[in-house]
């Protein structure tokens, strides 16, 4: 199983914000966006693994700006690191109001997926081979994010999370 | 504006997992669950604030078990702490397969919401007054989780996150 | 097969009224509410029977108040009586407008469900053992409602519906 | 305001049963059918009234046969009687499995609707002038069904429901 | 396999335009209408073939008038000609605004479907036997439309499309 | 109003085929695909016009291969030519089965859109300036396709469609 580059799993999704996606103030509901992001990330994860993949976790997501009815939401997803039987997918989300010509970054996120065979058992996935500087930075940060998931999920003690401590000595 | 207890915002949602909620292995898709959780949490946040609320962030969520087509998903939500114009909502999610009589904890999560007035401006919210031991534990942990959100969102330097460091010296 | 109390099948569903649930006057459409009630009642019926259940009938439902876009609909369901292979589920529905602080009873209803085994055949269900005074009243009224269903469905002659006649001598 | 015949409000709806409309046994869920029936009946009521109409009640509905995934559901609706500001709509529902060539009557039902003006106030509706023998039979039965709704809704005492008593002396 | 008349496959669908079906100007989106037309046409095709049918093509469709939120869309479909293993279905679409009493023809269209057996293989279909003058005109025009599909799909050379040339010498 | 290149309106949409998108044979329904294509094309048209756009027509679409449940559908859209107040959008659609590693071209299509101002009136749009050889070929073919639309829509006589005749003398 040879490695793959992030651009092999790169996936773009565009969605139009329709009435049922919005709340009483005509803002896109956060849960709908998380749902779209999950589908975009799953497609990206599938492309890397050539397998059915299922969502294992989503990291902290902050919604910085409200997205309005009629806006176009653009979601870009690519695998940022592969582990034994799972992948971390990086997402970048923009909202565009076309008549007014504005386009803002809504948020970034990381979803992880487990690859499964046809019978639903975990199965190994190809390595991720980063290419660009941005790829490498995302790849390197993945260990730290993984430790944070394990600590928050109660599966690793905080004082064993050596990579994570970098968060508290270097930049976030 | 007098304070409110967590039980005043306590909200239960039950959903039946239907075909369109599932992937090729008949498992509930993570994004659909995040969407349901957002609605349950928003109702809970609204009850506390008596305002329209919009999703500001979702903390790390891990999906421990697959949830199957036909299962009943039970989501319980309550406000765990109020800040000036926002609330943190704690969610507990179970999946129940009724014919086989199994019921498993799927996951826990924290969503935060900002309260808005009719014109869409941020507005103050009532204090949260914890009552039970569990309420108090959730209330106390909220500062640490908030610092983590700020650090991950690039709005606080890691070395200023005094509460968060507790994560790395005590338990998670 | 030991009997079960109504509280073992008690189920709460909360739904937020979204744009697609409403008509041109921003009122929740009756059919959407009937659909939600069916799902809540089916979950309740499943809990009592530990079986897949299918809707056999819905009794007369009156919608007293309009429910508006953005309202929270709360549906409470519990089994009110079990027959050989079917259960009657009692529903209470409220609509809450959270920013204005109003909460009104929308309606009450009874749905009946038949329990099926894995191959789709009818199968026996546990008895319902009423506990509270309200439970007992609902339990006793179930025979009368059942006769009304049978008479309206052409399966019982009106003059044999001895229980139903109570409707015309006492209160409804 | 001149009267209208039932055929002026006659409405046919055909729907294909898709996966999300079905339960674990691939049967159409009763609530989904009630929802479709509400839309078909509302269109019929609108045609008679030339107004927006909102659902006031649904009478007892019994589902005699299961309807399967892939079946075609045909709903026929027409106004059976008009009152001051409301109409009763009669529905006939069939399920057709086209490859196997079967077509069965699923159920009959009555929905009532209130007509509203643009500001949401009740407004008078045209009379219903029955034409065929079947029209006349439905028209005559409408008083009895209305009394049953009022008695069940607690708005009429059973012993004042003179028409309804016909149910217990003649046929249902 | 005896032939069938167009009225044996005649199918009416009525749909109410709901918020999620519309764009920012409260107009029905063209894609939603194409989707409804596909379902109506598929039901009609199924009725003729007594088989599962799948969409093979849709001919040029022009939307002449905008259809608004709250309008009733009426779609009439019937088979206009059968070929070996496929049928052409003719659609007529109207939009009705009931409170204002307007009803306009929205568009006409032709969809073609292929009939499949249970294993997904193409299978022969009954002949279409036109009855009325309109039936015969639609039947005769079907060859020309078929040649246009084949030429546009690159499966027939334009100069072999003898029927199609009638379009350029006679009426459209 | 300066002209724009096709790449400025280039839009990619990826969708996962879910159960409700499919028929009894687990094939994506043609109408659902037409709906997705309409949204992708509308986003592309909006990007070119910086206006709300509404669907005016869809040209003949042929579905060459069945698309299965679980496949990823990729839709690419870009403006191929602008007219006074409308644009023609070219679509290319692929279906990818990721676990089996197959990717097939499903179909090509042209949708046209009219640009509207905030009050719903037609408004002028920027010119399309083709850049690549493929752009130029699509641009040149647009006149012929437009004449076909006008002839089929009864707005132009066939013998005036000078460009269209190229279809019958040159290649399709």
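Letters are used for the chains, namely A, B, C, D, E and F, taken in the order the chains are written, and counting of residues starts over at 1 for each.
Note that a contact is a pair of C-beta atoms (placed from the backbone, for glycine too) under 8 Å apart; a residue touches a chain by one contact, two chains touch by 3 or more.
Just so you know, these numbers come straight off a predicted model, no measurement behind them.
**Q** Between chain B and chain E, how many steps is the shortest route if every step has to go to a touching chain?
**A** When the steps are counted carefully, the minimum from chain B to chain E is 2.
**Q** For C-E, which listed pair, A-E, A-F or A-B, repeats its interface with over half of the contact pairs the same?
**A** A-E
**Q** With chain centres taken as the means of their Cα atoms, state the distance from chain B to chain C in Å.
**A** Distance between chain centres, rounded to whole Å: 30 Å.
**Q** For chain A versus chain D, what separation do you get between their C-alpha means, in angstrom?
**A** 49
**Q** For chain D versus chain F, what separation do you get between their C-alpha means, in angstrom?
**A** Spacing between the chain centres: roughly 42 Å.
**Q** Can you pull out the residues of chain B that are in contact with at least two other chains?
**A** Those would be 19-20, 23-24, 39, 42, 52, 70.
**Q** Identify every two-chain combination in which the chains touch.
**A** Chain-chain contacts present: A-B, A-C, A-E, A-F, B-C, B-D, B-F, C-D, C-E, D-E, D-F, E-F.
**Q** In the complex formed with chain A, which residues of chain B make contact?
**A** 23-25, 27, 29-32, 34-39, 42, 52, 54-63, 66, 111, 116, 120, 148-149, 151-154, 157-159, 161, 164-165, 167-172
**Q** Touching residues of chain E toward chain C in the complex: what are they?
**A** For this pair, the touching residues of chain E are 18-20, 69-70.
**Q** Under the definition above, what is the set of chain D residues touching chain E in their complex?
**A** Contact set of chain D toward chain E: 11-16, 39-40, 42-43, 46-47, 50-52, 70, 72, 98-99, 101, 118.
**Q** What does chain A use to touch chain C in their complex?
**A** It is residues 19-20, 22-24 of chain A that touch chain C.
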